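One chain, chain A, appears in both complexes that follow, with chain B as partner in the first and chain C in the second.
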Partner chain A sequence: MLYSFYLYYRHYCVYHEAFNHGRVAKDLRGDQKLISGLLFSMKSFCQKINPKDLGPNALGNPFRSYSTPEYKLHYFESLSGYKLLFMTDPSVPLLRELLSFIYGSLVVEQIIKNPTFDIGERLTGHPLAPAFSKALNDCVQATPFFASLPQ
Partner chain B sequence: MSRQHYLKAGEVAFSKMDKVSAELLALTYGSLVTQLLKDKEEIESVNVQLEKMGYNIGIRLVDEFLAKSGIGPCQDFRDTAEVIAKVALKMFLNVTADVTGWNSDLTACTLVLHDNPLNEFVELPASMAGLKYGELICGVIRGGLEQVHMRVSCTFVKDVLKGDDTSEIALEFKEILKEEFVDEDE
Partner chain C sequence: MYTLYINNRHGSLVYQKDFLSDVKLTANDRIRLASTFHGLSAIAAQISPVNTSKRLPFGFLQTTGISLIEAEGFRIQCFETLTGLKFFAVASSTFPAVILDSFLKQVYEVYTDYVLKNPFHDIDMPIRCELFDRAVENLFNSIKGLG
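Then we have the complex of A and B:
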């Protein structure tokens, strides 16, 4: 069961979508900021405690997911600073490939390559948002985990 | 990773790209430069404008590069230069370059272009000696690298259009841009 999707650029959320009548966040903006802080901290944390020394210029974010008994967060980050994540129920296996596909096929092709979109602009409320939302929904609904009941 | 590996990755990435005829690209670019030369009084400001347009392309193009080439983080700046020369240029322009002329600190090098599709049908009159015709490419490189936290300077230093033996782009590493946490409310 997929609950929601977030797209971040650098440190702010540019797009959010909830699926399957997921919980309506009481304070969506607050949640988005908390996630942003978590992602930033997890990156430096994961790099710091890595038993292999990667040197000072280690790029990329090694953080991939975390889960609690109630939900799981799946994470993908491009080297250029786009961050995509899903919230799902914890039985869903890691969806990094799906996130990477959404980055390459939807975010890059439909949004970044579209000249009406300025880099860093918020996608929510943008004229491109409805088409992106439709493509995103088509894409996630095709996964076998989309509406499977939590185990 | 090895040069051979990158050459291969470049071929694969190129095969995934939508193609447009080289003549169409060369003529479109030519008319862009011609228009800029009409609009601007100084040739130097045309160079600046081309570089700026390239930069704005670069900050978008890098994402297509990352998504389609499958290239991961580079180990060092030498690695980065090889990726640009063998994968990125191949992917978008179907050319490759040799990386030569490293300084002792390994922060500056020269990309020697084997061919430049933008130069097709172009002859520069003597009055345009100051024009850096392909400077847009340099802007793309600078913009693309800036998106992956690397500030560089990049410019044409030799050009076959000006009678040089080769076309060469000087590429110099400036700094790694640190990722900092910014609270948008503050």
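Then we have the complex of A and C:
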């Protein structure tokens, strides 16, 4: 079961979409800030606790996903600072390929390459948002776990 | 498998053991990492997109913190007890999840046997107990070949 999708640029959320009538967030802004903080600490936590020392010049973020008994968060970070994440039920396997596909062929192709869009601009409310939302929905609805019942 | 950590219910580190000598972290780093994990776990429970477990009968018995972190090359598996203790271990990503899970539960078992029944141990204080040390070591040796 897929619950929601978030797109972050650096530390703020530029786009959010909920699927399958997940919990209606009482305070979406607050939640988005919590997630951004969580991802930030998760990155330094994972870099620090990593048993294989990658050295101070290690590039990128080792964090991939975490799960709790209630849900699982899948994470993909591009080097340009865009972060994509999915929240699903815990039984879904790692969705890294799907996230990297969405980044490569939807976010980059449709949004970032568009001359009317400035890097870092909020996508929610932007004229490009409806087309992106449709493409995103087409993409995720084709996956087998989209509406599968949580175990 | 690299390291085992035990957090008390307030999020401070009470026990930590390295199984391989190539982990290079200072004592301060470990205390900080353990508390960070506690905080991450608490926030993760708050931003949950579902709130099913609270509605179920006995739903309050369901823990809501992080149970697994997957990262490049390693992962962290956590077993949270109903009393709020967190047993978590850092292992390589190829280590079988089932074995790690049962290892954490067995550590809880020896914790109840050798730490809680120790009259000189204060609850929520760091664990200094040779019998527990040895029991954990034995547990690790019994699963070492499987990883």
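FYI, the second predicted complex is superposed on the first by the 151 of 151 C-alpha atoms of A that agree within 3 Å, B and C clash if a C-alpha of one lies under 4 Å from a C-alpha of the other, contacts with A are read in each partner's own complex, and residues count from 1 in each chain.
By our rule, contacts are C-beta pairs under 8 Å (C-beta built on N, C-alpha and C of every residue); 3 or more make two chains touch, one makes a residue touch a chain.
Not measured: the values here are computed from a predicted model.
With chain A as the common reference, the superposed partners chain B and chain C fit together side by side.
Looking at the shared chain after the overlay, A:103 reaches chain B, while chain C stays out of its contact range. When the two structures are aligned on the shared chain, A:46 is found in touch with chain C, with no touch to chain B. More residues of chain A lie in touch with C than with the remaining chain of the pair chain B and chain C.
Residue contacts after overlaying the shared chain place A:67 against chain C, while chain B stays out of touching range.
Using the contact criterion defined above for the overlaid structures, shared-chain residue A:11 touches chain B, although it does not reach chain C.
Of the two partner chains placed by the overlay, only chain C lies in contact with A:3; chain B stays clear of it.
Once the two complexes are laid over each other on the shared chain, residue contacts for A:37 go to chain B and to chain C alike. Legend: residue contacts after superposition of the two complexes on their common chain; A:78 is shown touching chain B, with no touch to chain C.
When the two complexes are overlaid on their common chain A, residue A:142 makes contact with neither chain B nor chain C.
When the two complexes are overlaid on their common chain A, residue A:113 makes contact with chain B while staying clear of chain C. Vertex at the C-alpha centre of chain A, arms toward the centres of chain B and chain C: the angle is 120 degrees, rounded to a multiple of 10.
Closest CA pair between chain B and chain C after superposition: 13 Å apart. Residues 37, 60 of chain A contact both chain B in one complex and chain C in the other.
Residues of chain B touching chain A in their complex: 59-60, 62-64, 66-68, 72-74, 76, 147-149, 176, 179, 181-185. Chain A contributes residues 3-4, 18, 22-23, 31, 34-35, 37-38, 41-42, 44-46, 48-53, 60, 62-71, 73, 87, 89-90, 94, 150 to its touches with chain C in the complex. Residues of chain C that touch chain A in their complex: 2-3, 20, 22-25, 29, 33, 36-37, 39-41, 43-53, 62-74, 76, 90, 92.
The residues of chain A lying in touch with chain B in their complex are 10-12, 33, 37, 40, 57-60, 78-82, 103-105, 107-108, 112-113, 119.
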